[in-house]
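To keep things simple, chains are lettered A, B, C and D as they appear, and every chain counts its residues starting from 1.
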Amino acid sequence: MSALHVTVWNEYRHEKTHAEVAEIYPDGIHEAIAKHLRAGGIDVRTATLDEPEHGLTGEVLAWTDVLIWWGHMAHREVEDDIVDRVVQRVLDGMGLVVLHSGHGSKVFRKLMGTSCNLKWREIGEKERVWVVEPGHPIAEGLGEYFSIPHAEMYGERFDVPAPDTLVLVSWFQGGEVFRSGCCYQRGQGRIFYFRPGHETYPIFYQPEVLRVVSNAVRWAAPVSGPQVRFGNVPDPMD
Amino acid sequence: MSALHVTVWNEYRHEKTHAEVAEIYPDGIHEAIAKHLRAGGIDVRTATLDEPEHGLTGEVLAWTDVLIWWGHMAHREVEDDIVDRVVQRVLDGMGLVVLHSGHGSKVFRKLMGTSCNLKWREIGEKERVWVVEPGHPIAEGLGEYFSIPHAEMYGERFDVPAPDTLVLVSWFQGGEVFRSGCCYQRGQGRIFYFRPGHETYPIFYQPEVLRVVSNAVRWAAPVSGPQVRFGNVPDPMD
Amino acid sequence: MSALHVTVWNEYRHEKTHAEVAEIYPDGIHEAIAKHLRAGGIDVRTATLDEPEHGLTGEVLAWTDVLIWWGHMAHREVEDDIVDRVVQRVLDGMGLVVLHSGHGSKVFRKLMGTSCNLKWREIGEKERVWVVEPGHPIAEGLGEYFSIPHAEMYGERFDVPAPDTLVLVSWFQGGEVFRSGCCYQRGQGRIFYFRPGHETYPIFYQPEVLRVVSNAVRWAAPVSGPQVRFGNVPDPMD
Amino acid sequence: MSALHVTVWNEYRHEKTHAEVAEIYPDGIHEAIAKHLRAGGIDVRTATLDEPEHGLTGEVLAWTDVLIWWGHMAHREVEDDIVDRVVQRVLDGMGLVVLHSGHGSKVFRKLMGTSCNLKWREIGEKERVWVVEPGHPIAEGLGEYFSIPHAEMYGERFDVPAPDTLVLVSWFQGGEVFRSGCCYQRGQGRIFYFRPGHETYPIFYQPEVLRVVSNAVRWAAPVSGPQVRFGNVPDPMD
């Protein structure tokens, strides 16, 4: 089996404009994630908002088995035709792993069909991420829960369709809960939304978080299923 | 309990341009459905594509508990801002029942996040609609299956998200199957997709079909659930 | 529509042997619940472990639209043939609402097919029950969450099949989360598992808890769906 | 990665008592399946009803990653303590693939919690198995559908819990439909029910059928997820 092809997409703005973010992720969040995946034998590209076509040309997407998406402050700057291209590629079978504030991205909202809104609070409180489906491949290698010492809180109601499979649920010190690991099949593509991760916390260096990301990438890898034909089939079958 | 408020939306073009359709539905498909619902004590309005704002003003939608949608040849003529208004109202709690060729409507596709494509064939073959979830409220009053003597075939792959609940599966004489009764929760609204129904067959006079429609309307009625708040909640809970 | 028929089943041992329980529920937990349901116009019976056939004769079950189940210390004393009778009646369409420690009952475990085990801790900590599916009928009349000042903790992993619909998720002060409101369809019957409720806390007097119980009872009411036939159907259909 | 360990369990009675079955499966259905899996690099054992402990000792089950189950006429002869052992091993993470008439086995019925009843007819009619979830790993390598020239019909209502994922739906010439490929997570184990296969038809030599079986085996392989702890956790987390 040849290596899995993953493109890590990052808005890559915070890192360039906020010193505290640059200190944590000097090469960008995408490189922190890419480095981990490469260490696991995965073939990784990166792409960022300010590249031409946001780095997501038809060629790049055709190469990509699984796309990882991180965005936050500039969701609106992602051009609609690139969004449509990504969405179509997911429906055609590419996997998609959406991280943290990517819940508000055009790509994720379009694929979900809902607002994807949630509650949030940024006081650096403690988070515990509980595995509620321990037999799921995305839980491979995890303990019953893992803790994130300082996290931005995301709280329910998370306005998404009920996930096909709910793998992770977060507890926050301040009193909220959140469906933090959500699996979806859309078209022929598989989507995983993963809550943890913030630009001002070193969450993407935490082994459990990275483990979930690489598990999700493997889970979301495309399947060589049937070539689907739509439209008129004029004759009854024999 | 006051009467349920239902708006039956119909594209209402076939009936005006095709004699064979006009013969079957002289007052439009919407009136055939409306008449049945009124007989069940439901308060019904109708709205059609060629009315101002397609008959779906903010006022009409605010009044509406459940919207029924039938469209076919003119999906593209439905204006995007009206589509957005309908989608938002569903996410806010209004029920939606999408009939037959409404699978291709902008409203349904936007709420599903997928192409909603399928196979089709129009030779007037026999269809059997099987109840696979007999304990579901939408199956109330039905037998194990019902037959439609002459139907347009819709066949899998039906490119929708897996339904939250699959209630009905169709068998077609020509060799295909189809997930014909699909329940979805999106935001605070409930959506039912129901396959049968075509402009050139008297399907919307068939008692079982009408029964499913009225069952679906009752199932999709809004719930007075929590007022959901999104956004920043700066303080931890006490 | 005639009144819904509900039987509230209670083990009814704690109340007779523990003074602190008797003080909170002098007539038994079943009467606290029954009183609330009766006030809502529901026709209610009660039944307890130490009655002949545990109060669950064929006649009682035939009368019952929805059965509420509370048990804790004496799950093993429930006789297997009564368990089979209850399970069969659920598969035939009777609703079932399982409360709190009823997760360990033979009836619930048999219907789920799994151990239904969980973590627990009894230090009277705070619980917050969050509504994650605000458009579901069981959330009718609730706020975004409700708090229980002193609760026995139940924590994940809760070894049940993933619910058809997850309505409620609990947060506990001590650091755990729990899927607290779980909907299942089994056979033609509908089942709701509801976590809150303990014999040494006055939880079954709390309005939000009682509201969930009565919402669940209405949601789980039987549907007059198809009469299902199993076995040999020797001839192809015409 | 070391080879996957699969045990193919077969009742193995028909083959010994019915000449027409022996002719098709001279070494038993289990050997037809085992041969295919071995050719794919899987490490395979077989076990049959008439062996001591039905060939399913604790040692065999501990070795087994995925168990395949075929039974038909002698479900009742499978001893309850062996059934309990198999069920426990599934809940602990072993995969289970249940074939055709295995729907009526004690193991499957216990894990499902329902009757698992269905309609059937044996006139050798045509079956078409449609892929409704083409992006699922169990659909790998298939076309949009495959045909079985002569099959025993199984028809809805199939009294199982709604599958977590529905992958295949069958069409039968005689007029019925059936949910033929159903995925379930139970405890830490994954279960796939697959309809095709009969003792008097050479279905287990058909490439598409064998492909589904080997795909299902790989999909159901155990995950090294969290070690789950149940019971009292006396102290709040820090």
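In the analysis below, a residue touches a chain if its C-beta (ideal position, glycine included) is under 8 Å from a C-beta of that chain, and two chains touch if they have at least 3 such contacts.
Everything numeric in this text was worked out from a predicted model, so none of it was measured.
> Touching subunit B and subunit C alike: which chains?
Intersection of subunit B and subunit C contact lists gives A, D.
> So using the touch definition from the top, which pair is joined by more C-beta contacts, A-C or A-B?
A-B
> Roughly how far is subunit A from subunit C, going centre to centre by Cα mean, in whole Å?
Chain centroid spacing, subunit A to subunit C, equals 37 Å.
> Suppose each chain is reduced to the average of its Cα coordinates; what separation in Å results between subunit A and subunit B?
Each chain reduced to its C-alpha mean, subunit A and subunit B end up 32 Å apart.
> Tell me, which residues of subunit C touch at least two other chains?
128, 131, 133-134, 144, 155, 157, 162, 164-165, 175-176, 185, 187, 226, 228-229, 237
> Using the touch rule from the top, collect the residues of subunit B that touch subunit D in their complex.
128, 130-134, 144, 155-158, 162, 165-166, 169-172, 175-177, 179
> Which residues of subunit D touch subunit A once you look at their complex with the stated criterion?
So the residues of subunit D in touch with subunit A come to 93, 128, 131, 133-137, 139-144, 164-165, 185, 187-190, 222-229, 237.
> Would you mind writing out the residues of subunit A in touch with subunit B in their complex?
The touching residues are 87, 91, 110-115, 117-121, 123, 125, 155, 157, 159, 161-162, 164, 173-176, 184-187, 226, 228-237.
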